[in-house]
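One chain, chain A, appears in both complexes that follow, with chain B as partner in the first and chain C in the second.
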Partner chain A sequence: MPAERQAVNYRVKNLILAHIGVSFATLAAAAVLGAWQMTVRTGVNPPFATPETYFASVSAHGTIMGYVMPTLFTMGFGYFVAVTALDQPLPSMRLAWAGFWLAAVGIVAAIIPIVMGKATVLYTFYPPLTGSVFYYLGVLLVVVGSWFWVALMIWAMAHWKRNNPGRPVPLAMFGTVANAFLWLWTTGGVAVEIIFQLIPASLGWTQMIDVGLARTLFAWTLHPIVYFWLLPAYIAFYTIAPQAAGARLYSDLMGRLSFILLLLFSLPVGMHHLFMDPEHGTGFKFLQAMLTALVVLPTFLTVFTISASMEIAGRLRGGKGLFGWIAALPWDRPMVLATCLSFVLLGFGGFGGVVNMAYAMNAMIHNTSWVTAHFHLIFGGAVVIMYFAITYWIWPILLEREAADVRPLRLQLWLWFIGIVIMTFPWHVLGLLGQPRRIATFDYANPVIAQWQPWVFVSMFGGYLMLVSALLFVWNIATLYRARPVGDNRMHYAVAVYPPARVPNALNGFALWNWLLLFLMVVAYGYPLGQFFLMDVYPGLVHRVDIGS
Partner chain B sequence: MSEETIRRSELMWGAIAAFGVGIMAAVIVVSSFAMAIHPPSNVETIDPTTLNTNSEFAESNLGTRVNPDGSVTVRIVATQFEFLPRCIPVPKDRQVTFRVTSPDVIHGFLIAGSNANTMVVPGYVAQLRTVFSSAGDHLMPCHEFCGLGHSEMWALVKVLDGAEWKPDASGKASCELPR
Partner chain C sequence: MSTDQDHRSSERRAEDRLWRFWVSIAAGTFVVVSLLVGLIVLPLRDEARFDPWGAICRAIGIRKDGSTVTKKSSDPPASSVTWSAGTRLALLGASPESGSTIVKETCAACHGETGVSVDPQQFPNLAGQTEEAIFKQLRDFQTGARVSDIMAPIAQTLTEAQTRDVAAYFAAQKRVEAVGSSPSASANIVELAHIGAPARGIPSCYSCHGQNRSGPEEAPVLFGQSASYIEDQLKKFASAERRNDMFARMRTITKQLSPEEMHGLAIYYGDGGAAKP
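After this line comes the complex of A and B, so read on.
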């Protein structure tokens, strides 16, 4: 099978390094902001702590971690998969670099107004609060840049299928293209909101804004965006982790099925973010709650398939008995360690998420620290730890160098894991106690709030561990440039125990699934969006934070 | 391990996973339909720009009021950066209906230590009903970022039992914040 061992050539090295490099540079900056924000919340009053700086910092942290870091990482990893798994050059290097530079300009355009205090609207930018137009244009440019990537991924797969009729698309690329389609659908909501509502408002062209419509369009994006962040981790679970453990993938078909289910069920579910909103009735909230339950399925399937693959690896290495194979796994390899840590975080985070999506229980924790805990565990924890592990896997291939010592790599992964647990477990408790998220300072003179303070301190400690881990990660990558050259730049993807010779058309492409998704989206969002044009709604008065209103 | 064994194990696991999801869905169906637990979802519009002249949310009509039929309604305006009123007395063990709206931006409404929670979106009246089963004070923070003064936006809900619950002759009840 030549497709499993391919050299990274085709002149994409710098393209991939640029994307992932920018991604992690922004992550390091946002990690500093995160640790500082947590210090402010403890009440110790660190330097520069004012409401202006705190909420500007939250806006920057969210914008980077939500829109910049994962998008650039996913694009870079996607280009890597496209050339290595398909063993062909990218359809257009020019378009790929154009997408990168659009995103890069967008990042700068979005960050400058935040630093100037002109876009303190947080990364969710719910109107009527409206910031500088440059902030929205910047976010939009990042999205448009990523659409270039979407086009290139779809194009690359189509090109490969033409040249390889009847052969199954390699699983890593199948997952990547699933994510490209997912992202195209995902960004539809927020792009419409930015172009038709927020930019006209921030330019002063409109004084009134339909707040309910804006929230619904944003919810359309806000849930599946999480799955866009998640899919690179799943691609690594299926196509890299079994290889790293020294075994094979239990089932290729299950991977394809999971990617398709993730595409279908991550999208028509965003209204579970609006359970507590007065502009929607119970009917569609309930429908989307039910659809949200289904998105649990592909994760259950993945956990099974990857655990089974790992069991094969453990037994091949001499592990015996019901659990002996776990101890026999090569834990010294960062990818194996990260996969296991990621599963643990996925378990805890998933539990919190099921509470969030539960139609009735949501009232208990909506917009409390519980929610912040949930998405930091799932995204900051389970997903980003896999971004680290993927980078540890592919960066040496790109540089053709090998880290002499993987202990600092493992230490970094452990620090991140321990840090996120220490940070987010207290947030769950605080959320149940009623601590709201997105608040700079608390009145700790109040005896009720004073009881929260010890938990806030504990979580801050976890945040600093994560900051140390983020900096150690940057150090680990930097030292790789002086590591020993190995002259080997082949990428090895995991092979299935029984690699499929052929797969049904439905499991080798996305035409059918995009039609089905269109149907689901019309059912799930047709009325909830249409109602704003059918009933008499009163728009809200735009509140410009950049000029004062 | 044959291909058939793998396929069978996957089908079995798929069934177990589907069963688990089915149970989750069943719990939600039963609690929402049989027990009528729903999130606050009355789609009721209101003009946010003329709230002060709106008879229901005029300043004199805000706060806690006992209705002629004995039920209790609390009307609140959430505005940058305070709740009106800031102290809210409610009776213990009686159904209380909260009606909240905003004249400016989005705010959040949460009574800590209870399941009273809703977004406050300008243009809509958020309404929710709850019963407080024990007397005591609850913090009521704004839980959505509403501007630079957001962190200071807190109110207090005082749950009063029989002797302390004293609405005036017109049915209005009010309280003062400590300090």
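After this line comes the complex of A and C, so read on.
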């Protein structure tokens, strides 16, 4: 099985360390901002608290957590997978570094206007608000840099397939390329919005902006972007977690199907973010709600397959009975622990998501803290905890060192898990009580609003636990540099119980699925986007936040 | 050997065809069924009692008469006023004192020295009107967004700063005592004002025109105006003769109102022309 045990060679170490290092450096900053924002919302007035600084902070937090942190992590992890799973060098190191530097310049260009208070538009942009053009150019550069990565991933897989005709692409790489295609599709909407609507408006070339069109283009991006963040976690579920537990993957086929289904059902579904918007008919909202519901297929396939893989591991370790295998799992290993914690968070977050995607229930929690709770549970919780676990798994391989003690690693994962639960569960309650999201301060003197305050305080405590956890993570990685060298840099991916000798072409590439996705996107977005060019629309007046304030 | 390979590759092609076929069937069926349910079954089930064809059109996102399917992107904006931070900060810095001098010279002949109109049926009372509303209307008279042979030449003599000062002066005056909420108004007029008519897409008047102010910045306070002035403006919006309402809000609403409803609402909000300072 040459594909499963590969050393990290081919001069990619620095490339991977740079991507993931920058990713987590920005995460630490975002964690500080997040905790501060929670403090502002309690009404205790921490230092620097004004509505202007609050929304600038929200803009920075969202820009980092939405565009920078997961993108760079996924790029770094993708390079790692491409080299280790395929056992070949990257097709072009120069292109990879070019992508990194574009993104790095973009990050700086985007953050500076936010700090100056000239791009307080939140990461979702919200036209007709428009900020400094450097902000949009910065975000665009990050996206363009990531397109270099997309090209390299597709190129690497095509190259490998040419050299290994008839052999199945290793599952980790298959998932990574699924994510690369997903990202290419995903960024289409937001790139069009930035290039044709926001940048002309922010430069003063246009005085009017079609808000409905902008919102629709952004919805195109806003849902699949979350699946793009999620896929590295899924790749780890399938190809690392069973290995960490000391067993095999229950089914390679299920993994391939899940990645394909996630690609398909992430994209033609974004209109469920626009259920309460007036610019679309109910029929297309319904179609996209139905397509949204199909995400249960890959989710349940994954929960079932990974649970089965874990059961194999538990029984191999002597676990008996209906549930005895769970206790027998090696819980001291961070990857096993994180996988379980991630599943729990995915369960709660998924429950909240079902409420969001149900048209009638959505009306109840629309634009309340419930929504914020949902995406923090899924992304901040289930996904980021797996980013931590993946980093704990691959960073020692990259450094050829081994942490002497994994207890601080486990403590960090537990702190993150407990923190996100304490932070987001009260948000669900607050959402049901009607607390709006995107609000800086509340009038707690009002008796109706005063009853929110205890919940906000509890959630703030959770936010600080997450901040401590994020800092502990940085510490854990930093101490690795002084850990014992082991001189082993081989990556072990989980082997399937029945490793596939061959798979159908449909499950070894993406041509069929990209065509199908094109069909679904035309059906789901063709008329809803086309109507803006057919109808008499009333665009909004551009409101530039970077002048006059 | 070569026949074996040919056999295998033709097997592969057959397998590919099978995948394409079943994937197309599955995806096609799902999409067709979803569209049927979303565009036809659910709209008919939920809304058939008042208008089945209209319900289906709404599910698609178009109007039944197709009236909106014309592109008029060359239309000028309804108004050039934006409620940006710059506009607000400038309004904050306006001076009612210097406004008072301008009003005496320029406005008082019709609108009264303290904003109590000499003839409320023709000239609206401006006393206690919101600063934003007065500022926006003056700017619109200046740019031609609101057409008036009387007001355009007068407004054009003012600089933008003077416009703000005038607005600040009138806003600071004591409002004309409103009779308001006419007790004789019929139930359906009261309902229109307070609840609107959701089935016709009409929001409540109160949602923007409250006792003091609410809703969008430029929405004026209506209590204290004469009924005939209000009715006249409603009719002008309905016929699109007046078109400086942002996002065509008032044009959209008044198009749905009957002449009787406009009359009733005007009386409901107006003071019958009996201005009492």
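One rule holds in what follows: the second predicted complex is superposed on the first by the 547 of 549 C-alpha atoms of A that agree within 3 Å, B and C clash if a C-alpha of one lies under 4 Å from a C-alpha of the other, contacts with A are read in each partner's own complex, and residues count from 1 in each chain.
Definition applied: a residue touches a chain if its C-beta (ideal position, glycine included) is under 8 Å from a C-beta of that chain, and two chains touch if they have at least 3 such contacts.
Note that the structure is predicted; figures quoted are calculated from it, not measured.
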In the superposed model on chain A, is it clash or fit for chain B and chain C? clash
Contacts for A:Thr282 in the overlay, against chain B (first) and chain C (second): which applies, first, second, both or neither? both
Partner chain in contact with A:Val448 - chain B first, chain C second, else both or neither: first
Once chain A of both complexes is superposed, is A:Gly487 in touch with chain B (first), chain C (second), both, or neither? neither
Chain A residues touched by each partner, larger count belonging to chain B or chain C: B
Which partner does A:Gly318 reach: the first (chain B), the second (chain C), both, or neither? neither
Check the residue A:Leu512 against both partner chains and state whether it touches chain B (first), chain C (second), both, or neither. second
Looking at A:Gly540, would you say it contacts chain B, chain C, both, or neither? Reply first, second, both or neither. both
By the touch definition at the top of the document, which applies to A:Pro165: first (chain B), second (chain C), both, or neither? neither
After the superposition on A, what does A:Pro47 contact: first (chain B), second (chain C), both or neither? neither
For the combined three-chain arrangement, which segment of chain C clashes with chain B: 98-106, 152-160, 188-196 or 224-232? 188-196
Touching chain B in one complex and chain C in the other: list those residues of chain A. 279-282, 285-286, 290, 294, 531, 535-538, 540-541, 543, 545
Residue numbers on chain A that touch chain B, as the complex places them: 51-52, 55, 58, 120-122, 126, 128-129, 211-212, 215, 250-251, 254, 274-282, 285-286, 289-290, 293-294, 296-297, 300-301, 304-305, 308, 354, 358-360, 362-364, 366-368, 433-443, 446, 448-449, 497-498, 531, 535-541, 543, 545
Touch list for chain A against partner chain C, complex: 207-208, 279-287, 290-291, 294, 504-506, 512, 516, 519-520, 523, 527-528, 531, 533-538, 540-545, 547-549
Of all residues in chain B, which touch chain A in the complex? 1, 3, 6, 9-10, 13-14, 17-18, 20-21, 24-25, 27-28, 31-32, 37-49, 104-106, 108, 110-113, 115-127, 137-139, 141-151, 154
Listed in rising order, the residues of chain C that touch chain A in the complex are 12, 15-16, 19-20, 23-24, 27, 30-31, 34-35, 37-39, 42-43, 58-62, 68-73, 77-78, 82-87, 89, 246-248
